[in-house]
Amino acid sequence: MSKQYETVIGLEVHVELATKTKIFCSCSTAFGGAPNTHTCPVCTGMPGSLPVLNKKVVEYAMAVGLATNCTITRHSKFDRKNYFYPDNPQNYQISQLYAPICRDGYVEIETETGSKKIGIHEIHMEEDAGKLIHDEWEDCSLVDYNRSGVPLIEIVSEPDMRSAEEVIAYLDKLRLIIQYLGASDCKLQEGSMRADVNLSVREVGTEKFGTRTEMKNLNSFKAIGRAIEGERQRQIELLEEGKKVIQETRRWDDNKESSHAMRSKEDAQDYRYFPEPDLVPIDISEEWLDEIKARQPELRTEKLKRYKEEFEIPDYDAQILTGSKQMADMFEAATDICKKPKKVSNWLMVETMRLLKEAGQEPEDMKFSPEHLAMLIELVDAGTINSSVAKEVFEHIFHEDVDPKEYVEEKGLKTVNDEGALKKTIERIVAANPQSVADYKGGKEKALGFLVGQTMKEMKGKANPGKVNEILKELLK
Amino acid sequence: MANIISDETIEYVGILAKLELSDKEKEAAKKDMGRMLDYIDKLNELDTAGVEPMSHVFPVSNVFREDEVENGDEHEEMLVNAPKVKDGMYMVPKTVE
Amino acid sequence: MEFREMTAAEIGQTIKAGEMTAVDAVKAALAEIKRQDEVLNSFVTVDEEGALKRAAEVQKRIESGELTGPLAGVPIAIKDNMCTKGLKTTCSSKILYNFEPTYSAEAVLNLEKAGMVVIGKTNMDEFAMGSTTETSAFGVTRNPWDTEHVPGGSSGGSCAAVASGEAPCALGSDTGGSIRQPSSFCGVTGIKPTYGTVSRYGLIAYGSSLDQIGPVAKDVTDCALLLEAIASYDKKDSTSVKRESYDFTSALKDDAEGLRIGIPRDYFGEGLNPEVAAAVKAAAKVLEEKGAVVEEFDLSLVDYAIPAYYIIASAEASSNLARFDGVKYGYRTEEYEGLHNMYKKTRSEGFGPEVKRRIMLGSFVLSSGYYDAYYLKALRTKALIRQAFDRAFEKYDVILGPAAPTTAPKLGESLSDPLQMYLGDVYTISANLAGLPGICLPCGMDSKGLPIGLQLLGDCFKEEHIIRTAYAYECSRGRAAFAGKRD
């Protein structure tokens, strides 16, 4: 390759909001459910039905806008985007074009080369489409409108990214902000966060952008990385061959690791937007905006700083703890109860992460209560159980959220501190292992460890190992 | 007629509107649309510079719903109206090639 | 008096007095339909069984003292673009030939709350697009005054049913004059309320920013009573307006004293039939004699209303009618190859020529490169028209004029030249663009024996002015001539 090329990337990120009901009707947004059971005349496009806007959607959109440094549009409106497709029951989508709710923001990302601002062109609200299921037997498709009308925000970035690494850093940043706001769970695999990639290439040094393509159907960070690389190569090859890049929408096939154009004579891509006559505009007052600002939770950057300062948590640990909203919430809640931030952090960083990995889960899937973790830490600190028993109990907390006090009681796992009882057992062990006793007396320190181990085994792990050591040494003097 | 509507335009609008016109209908549509646009061009006599486009006739804003689930399940009654149904879903010709 | 000549209020009183039951009233209406509808074709669907059943229930509730309103037990016909639960709703289109809604329009529910009994669904121009009720997929409706003439449209079925006495009253919808113009042609009274007064929930949309449901009846009193019954704030319709008052009957006062009435000179120019002009002017004279202050003025912008209307209404229609695609309800073509072919064939076979014409025009004016020149220009024109009315209503309580330039044309005369037909809406269309309320009531007959309509427009939310003016005029005019009497 003789020339040097630069990749220019902008993203359109769709995020499903965590409202209880759809954007324009009071149907449930719950995932799953038999086909079409979460539908009504509005979200199936029945003649005569009319949309009514869910206030919570506006508030989530404002919150995301504020957290991404956007200007909130004080007089916002909805528009209709017209196109025919069966997952879209009205054959138009209610969206925003002329006056989107947020504009001109940015987020800062950290990459190996340092920090960089990625501009946000706009954020708008819109409705999701239904789901198409392809029926192999009858050579047809089936439509389920349960997802039709689920609220979305679309976050449109400026073409400020130059590599897959930056794209992933940007997505991760958005995901964390939105999760922290509680506006969405942002799961790429489940489709509650979806990214379309706009990509063009240009010779290094040129100012003019090249012709861009839009890539759809990217449902994992890995797929995004591969698609960016693939499309970059494809465009460069075209240019090298003296051909032109066509502005088009392409569908990424992650199995084949290639994309194909979604062109059809019937898709004119002329959406005939016009103001939605069935919905009135949204006026955002100073008071309303202040109310939303006051409700904004602490975001990750602030949390990171606070964890380091207030709890003296090392940077690496703080990164992991704040790497998901659920993890940070768990950390803070448990710390709040037991006032032992470092110990809480330790349980989360080591045992929790291990068990999550083992179960193939994400921190979002944690189901145990911070009260039980805090209680467990107290039990260890009080010497009620020893650390190996604690690990065993924690597995049960992690999986079944058992009450550790009750569990320890029920299973008889309390450490035995009663010297009389301990002594009796140890005397029995000593009597049964004359060889080891002789070895120890002969100077083999290791033999003591064996005797401690035997005692612990006999006591089913409930003995305080320090105490066992102490008594053994006393007896063998 | 000032507005001449080409075959391509009629073809294109037919794609947008999902209407398939017969040759006879196309000829009529070209004529009708041209005439109508000539008439509509009358609006060009009007100076509308600086006039805010009026999409909504009253300055009403902020009509909202609270985020509460209220709807029951009436999908079976609705599906009765569908021309083709399978497994509780609307059946359409295959959407992917 | 025979049933078919009675007003809704009179039927209500008779039922209340125990001299007639709700079931008797429905049976009488059904008998009129049987006798006349083969010729008139006012109805797409008559719900004989359902109506009788509901009437019996209503009668019980009247007798138990639960229903006490003035319209309890009165039969009513509904334009076929309003959803009625379990009762076929077609918009007079092949594409919805078998559609049975799972819910009723809010206006219909309000009528049922008042104890009224829906007897059937009336014919209309397909999707309310037309001025003659000739574009219906289920045959033309004929004018009861002269069956060689059209009843007007698009609420032609509702107006013909009331004019003939097949129904004492009806609901229509008005997007560009679709209640007022057929009321004029059929010699009945109809109101298009201020935009947002009657919920549009369940009204199958044509031009969403223009559509309004309103009453059609034999006189002003009935219209006021019906409007009071159907008007309500509805949280299911975001464009529904919370009004300070929903009292429309207090305005029924025979008192024109001091009313300021303006007559737009621009409404009396070229194209207006002289007989119509004379009848309307004579009506103004009657009001003047009753103490109203009547003067002529220049409204301005009248000629721009029609082009602005056809851009806005067609654009909205092209989008509103996109949902009729053979997937969720209604007609689907028999044979097709793939999705887009199914869409195209279904829609091309399911829609009639006038609907297709407007969808094509609407899609074109919104398409890439034309939006600013057409759609935005039309919205700006709409703003100017609204301003012109604001200025007029600073000086006048009511604007008086004709509802249509002519009386009812003969069947088949209008459709040959769509543009000419559109021009007939010149007096009614601006009220929809500006959201204003309007009423049309009979003010005489032409030499062919066809009714002439008088239109009164009021400022937004000022229905009281047009109702009071209309009522005062009606008191002097006396009971309007009744078409159903002709045989």
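Think of it as A, B and C in the order they're written, each chain with its own count starting at 1.
One rule holds for everything that comes next: contacts are C-beta pairs under 8 Å (C-beta built on N, C-alpha and C of every residue); 3 or more make two chains touch, one makes a residue touch a chain.
Going by UniProt, the chains are A = Aspartyl/glutamyl-tRNA(Asn/Gln) amidotransferase subunit B; B = Aspartyl/glutamyl-tRNA(Asn/Gln) amidotransferase subunit C; C = Glutamyl-tRNA(Gln) amidotransferase subunit A.
In this text, all values refer to a predicted model and were calculated from it rather than measured experimentally.
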Ranking chains by how close their C-alpha centroid sits to the total C-alpha centroid puts first chain B
Looking at A-C and B-C, which one has the bigger number of contacting C-beta pairs?
-> B-C
Cα centroid separation between chain A and chain B, in whole Å?
-> 39
Cα centre of chain A to Cα centre of chain C, whole Å, reads 55
Between chain B and chain C, what's the gap in Å when you average each chain's C-alpha atoms?
-> 23
Chain A residues touching 2+ other chains are 41, 44, 46, 52-53, 82, 84, 86, 143, 266, 270, 272, 275, 277, 279-280
Multi-partner residues in chain C (2 or more other chains touched) are 99, 102, 209, 235, 238-239, 318, 322, 325, 327-329, 339-340, 343, 363, 367, 379
If you look at chain B, which of its residues touch at least two other chains?
-> 12, 16, 18, 55-56, 60, 63, 65, 74, 78, 90, 92-95
Where on chain A does chain C make contact in their complex?
-> 41, 44-53, 80, 82, 84, 86, 89-92, 143, 264, 266, 270, 272-275, 277-280
In the complex of these two chains, what residues of chain C are touching chain A?
-> 82-83, 89, 91, 96, 99, 101-103, 105, 200-205, 207-209, 235-239, 315-316, 318-319, 322-325, 327-329, 339-340, 343, 363, 366-368, 371, 375, 379
Along chain B, where are the residues that touch chain A in the complex?
-> 12, 15-16, 18, 55-56, 60-71, 73-75, 78-79, 86-96
For chain B, which residues count as touching chain C in their complex?
-> 9-10, 12-14, 16-21, 25, 28-29, 32-33, 35-36, 39-46, 48, 51-58, 60, 63, 65, 74, 77-78, 80-84, 90, 92-95
Under the touch definition given earlier, write down the residues of chain C that touch chain B in their complex.
-> 98-100, 102, 195-196, 209, 235, 238-239, 241, 301, 303-304, 306-308, 310-311, 318, 322, 325-332, 336, 338-345, 347-348, 351, 353, 356-357, 359-365, 367, 374, 376-384, 386, 418-419, 433-435, 460
